[in-house]
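The two complexes that follow have chain A in common; it is paired with chain B in the first and with chain C in the second.
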Partner chain A sequence: MWWYLLKRLGLSVIIVLMAIAVLFVMLHSIPGDPVSIALGPRATPEIQAAYAEKMHLDKPLPYQFLIFVSSVLQGDLGTDVFSNRSVGLTLAEQLPYTITLAVAALGWAIILGIPLGCLSAIWPNSWIDRVTGILSVGTIAVPSFLVSIWAILVFAIMLHWLPVIGAGDEGDIVDQLRHLILPAFAVGLGWVGYLARMVRASMLEVMGENYIRSARAFGLPARVVVFRYALPVAILPTITLIGVGFGGLLSGTVFAEIIFSRPGVGRIIYDMVQARNFPVVQGAVLVTIALYVIVTLISDLLVSWLDPRVRDSL
Partner chain B sequence: MSKLTQSRRSFLQTAAFAGAAGLTGSFPGISWSAEGDTLTVRFDREMESLDPGYYVGGHPANDVNWCLMPALIYFGDSDSGWVPSPYVESIVVTDSTHIDFTLKKGFMWSGDNGELTAEDVAYSFERMKDSEWKGDYVAFDRVEVKDSHSGTIVLNQPFAPFVSLTLASGTGIINSKKALEAVGGKYTTEPPATCGPYVMEHKQAQWVKMRPNPNWTGPKPAFANIDCIFVTDSESGALAFEAGELDCAKITSSAYARYQKELPDNAALTVAGALQYMWMGINTENPKLADPNIRRAIQMAVDVDSIVAGAYSGTAEKSSGIICPGLVGHRSAPGYPYDPVAAKALIDEAGASGLKLTLRTLNAQERVLAAQIIQANLAVIGITVEIIPLDSGPFWEMGQESKGDTWKDMELHIMRFGAGPDPYEATQWFVRDQVGIWNWERWSSDEFEELYAKGIAETDSAEREKIYVRMQEIMEETGGYVWLTHEPEVFLHRADLDAHFAPTGEMQLASFAPK
Partner chain C sequence: MSETRSDIPLEVPPPERPYSVGREKLWLFLRNPMGMFGLILVVIFFASAIFAPVFATHDPLTMDIPARMSGPSADHWAGTDQLGRDTYSRVLYGGRVALKVAAIGVSVALIAGLILGMLAGFGPRWLDNLLLLLFDTIRSFPTIVLALAAVALLGPSMELVLTIVIVTTIPGYARLARTSTLALKNTEFILAERSLGASMPRILFKHIMPNVIGPLLILAAMDVPVVVTIEAGLSFLGLGVQPPTASWGTILNEGYLIIRDSPWMVVAGGVPLVLTTLGFTFLGEALRDVFDPKLRQGR
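== the complex of A and B ==
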């Protein structure tokens, strides 16, 4: 297990370093002078020169890359062009909102999707299986921004039950939860379908295995067969899917964050791309990549802990 | 839209739903956001800079600054009028180059920065001469300080827009000399000292909250608190208004057309002025468009009525130049007709049938629709147009020589500028110095330059009318412009809210009041 952990950690570091290199190259491939892009057309030559010196843009590219990597490794993600605030501080403010939304969205999807998938597999072709099948395809097919608008129309405008914009007052947990319900519903709905279908397919496969037949032949109760023997094996691909999905949601919540005007990493990337505030974009993308790598690492480690065979596959 | 009261029945309905949904949280009743003493409005983008010398665009910088910072005058209710601000005892235009002012006593800057004085006015205006908005101060010479609270603004030449444009707009904001010098003479989103009826809290990408300034000695604003929520998506802003979470939100033309047909209960629409001008620009230096007959044909081939109807649902005004309706120099009609038959004849005469051109536009709904209509119009005269929609970053850089080489490939582009309530501001972007900066049609004219200088100094309205009409004719004669629309700035707000807007489209939040 330790060897697997070391190999997996090494791979994660390589991925992050490659991502930093790709990001650096991409940002420096953008046409135009980065100084005038950052400062706008009316900046004086003196202001432009001072900015170039401050951001090391007057140095050769390899030197700039080394400075960039060194700064990132020291936790310095740069400075916001407009507000002069630390990008790290800005992201530290935004990240909890995105993580909360991703956890809430995937959380309710897991709570509903996995049991639905299990029930469908236990009673294939039953009414519950058919209803789950229809709902799964339906929820997967409807894009989350459409669900968001529909949810606003019904629950905020028609019924006035839930708020639309913002993340709620700081320090008021109830208000923050109320502001979380609609975005989490919109983002998580599609995942209910994904998870239900994934668990159903895995469970059906596992339920046909010899050891499950043996367990049944020994007269073990159905509950024990399903939850103690079948589900721990069938859930493995779902854990990987949840890991990848959570990582994706760290930037994939952008639609919900824009429509519900919630703070978050996805929205700040969108806003800052519009404003051409590249230090913030760069920092936010890096943080997203790092978190993605961490989350997939955790899910891989979890899977390898549950299924030791995986440890030899790297 | 109706006000929701939380009766026992509605509470039970709500609770029943919560139970059915398996939720244990409570749902406090939604109330109108402006109920009580808090006004809630939409900001459509994050603030980049509040510094009057370096802000980008009027909104949201001016909306915020007018709540926090002093100025000598404000825009009045009419499009071209102005009123003295609460900070001044008197302000008098004594002659064409002198403006006397006397500040009221007792307005204190935040921190240990003392009282608002004439020195602050002199320092604030002086620094503007070297700022990114120095164009507004082209005729400003100095402020002669008479005593602690009075002085005279001296212009180096008569400059008609100085009062109506410079002093009333965001560039007329006054800073504390002591505080600004202490931070190095420049700031972004945190003013070094404030002096207005409100103090500001700012949470990046979330909100700006205005709270009462305990040291404020001027007239008390109707709303003690103002919450400005960043809602970048326009439709989300409209939905949030309908849900009762916003009291005022700027909306798009398509939403305007929708609400004109059916307004929610207790809602009203206010058109805050149509000081925006949109045109299709033609790069006069591009070899494909070098023949003036081709440019003239394009001018005559575009059906602007269809664009107003199709892209703006009839909500925008048809344009005839860069001077907006209601301003000196506005023309009632363009100097070319819509005549696709004559346009086709010109194209045939130029041997340009089958010409292929690109049309670059901002990737916004109305503009892409306008581009598609133009594409169809030009197809009729034998020109094939490829539309290139661009995000705001690359769009605003494409014609600037300092931002790459895209300007060399530009052929057609749809552009929209905002203007102040004086024709001078609209014309400044098309002078010779602006070629490769904002003059993307890349032409220049000695006569235009002469008229530009003459227009700055001229104070007689009739003469200015002639000057600015002629300047637009010159622009049109280059064949570089197809005038499209004057798009209105439209706000959806509560009907029982007395909302005030500058003619430039910013919200004068401190003047908002319940009816």
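== the complex of A and C ==
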């Protein structure tokens, strides 16, 4: 177990380092002089020189890379060019909004998708299986940003049920929840179908195993067989899927944050790209990738903790 | 007693239609209503994109300011946009952008992924590990974040959209090709070929590729919706195809800005996107069920 943990951790660190390197190379392959791009054409030579020195842009590239990596590892994500604030601080303000949205979206998808998948696997080819099958392909096929737009059209503009702009008044939980419903619906909808299909497939496989047949032969009630013995095994591939799909979930939150004008990391990246505020973009992208790697790591560890076979195979 | 058994025909007469794997697969496919539905949608997608100038009722770029933001009418079947351009014609021309991105993006990613995957599976261990690490790194970038970073640096363009699509979809093909190659690597016919002194390119392209490419083609059909969605999403954010060129993404973007005055555009821009994704998903799943039932258990 410890060896597995160590290997998996090492891999995550390497992936984050590679991502940092890719980001660094991308940032330094911007055509033109990074100083004038960051400060604009009207900056005086003195300001440009001061900025170059402060950002270590006057040093050779490998040296810049080392400085970049070491400051990232120390938790320093750099300074906002415009407001002179710490990028880390800005992101720490935005991150909770993104995480809330991601958790809410995934949460309702899990609550609905996993039971749907179970039911279709218990009664294959029944009406509930067919409806779930068509619904899941349907929901997977509609891109989340389109769901966002259409949800705004139906629930906000035509029916006037829910607000659509922003994240709600601070301190007013009910208002914030009302603002969360539509974005979470839009981001999570595709996941309902995805999870239902995945759970159905692995449940069908598990239900055919010998130990399930034995459990049935012993006369255990169907409820116990399904929820005590089949589901815990069938859920494993789904946990991996959630981990791997988290990147897609983050893409969904980016769109939702932009369309619903919600604060969050995705929106910060989008806005700062338009403003060409590169230190913030860089920091936010790094945080997103780190978040993704951590979630994948957790899901992998969870699976290996639940299923000893995975542990031994690695 | 001259009757011998020789009058019993020794050969069974051949059946009128010899059994053929291809015909059976075709029959299996034709019997799948979802697959046929998908195929019809895909054919409509190709036809409407290729023959857009024939089907269009207006020029997609001609403005008619007095008739702006109108609803569906006999003249403008899907209404007009904020500049009075015909939405129906723009949606048709937008299909061309989607088709172009899908065709180029998927084929380049398929070929590159196939080669990289076979190399990873057949080549030395260190190359395998290096390539796997590279694929994992690419996968760890959420597509849209990668796209935002790239656009920040290079500016929005169609070429950039294509590059992003290709880079982010290569790992899927490569991993699939790698797994199949690994399974084939030590089979007798490959070992025989090796012992005869065949070169690596010969083994890879002549013997491994035909056995590996099937599942990749199915993945390609299922990747088309992904690619079309990436293009539409980026164009919606203003990071892809630039106005005045019509793309489903730009139509949705312009429609979103006037959603309160004229809700028709976000419907007209979204419906073809959904139908195309649905069509390719159904088609891909039907093909997968026919050709490779093993893949059914998720990728």
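Points worth noting:
Basically, the second predicted complex is superposed on the first by the 309 of 314 C-alpha atoms of A that agree within 3 Å, B and C clash if a C-alpha of one lies under 4 Å from a C-alpha of the other, contacts with A are read in each partner's own complex, and residues count from 1 in each chain.
Methods note: a residue touches a chain if its C-beta (ideal position, glycine included) is under 8 Å from a C-beta of that chain, and two chains touch if they have at least 3 such contacts.
From a predicted model like this one, the values you see are computed outputs, not experimental measurements.
The superposition on chain A brings chain B into a clash with chain C.
In the superposition on chain A, A:G75 contacts neither chain B nor chain C.
By the touch criterion stated above, A:P60 is placed in contact with neither chain B nor chain C.
Once chain A of one complex is fitted onto chain A of the other, the partner contacts of A:I289 are limited to chain C, with no touch recorded for chain B.
Looking at the shared chain after the overlay, A:G171 reaches neither chain B nor chain C. Looking at the shared chain after the overlay, A:I259 reaches both chain B and chain C.
In the superposed model, A:E205 lies in contact with chain C only, and not with chain B.
In the overlay built on the shared chain, the residue A:V273 is in contact with chain B and with chain C. Within the superposed three-chain model, A:V281 lies in touch with chain C and out of touch with chain B [touch as defined at top]. In the superposition on chain A, contact is made by A:P143 with chain C only, not with chain B.
On chain A, the surface touched by chain B in one complex and the surface touched by chain C in the other have residues 31, 149, 152-153, 157, 258-259, 270, 273, 276 in common. Residues 133-134, 136-137, 139-145, 148-154, 225, 229, 232-233, 236-237, 252, 255-256, 259-260, 263, 266-267, 270, 273-274, 277-278, 281-282, 285, 296-298 of chain C are the ones that touch chain A when the two sit in their complex.
Here chain A touches chain B in the complex through residues 31-33, 36-37, 40-44, 82-85, 90, 93-94, 149, 152-153, 156-157, 159-167, 174-175, 177-178, 181, 258-261, 263, 267-268, 270-271, 273-276, going by the rule given at the top.
Taken together, the chain B residues at the contact with chain A in this complex read 4, 14, 17, 23, 25-30, 45-49, 56, 130, 132-133, 188-190, 203-207, 229-233, 235-236, 239-240, 242-246, 391-394, 397, 400, 402-406, 437-438. Put simply, chain A touches chain C in their complex at residues 11, 14-16, 18-19, 22-23, 26-27, 29-31, 137-138, 140-143, 145-146, 149-150, 152-153, 157-158, 197-198, 201-202, 205, 237, 241, 244, 247-248, 250-251, 254-255, 258-259, 266, 269-270, 272-273, 276, 278, 281, 285, 288-289, 292-293, 296.
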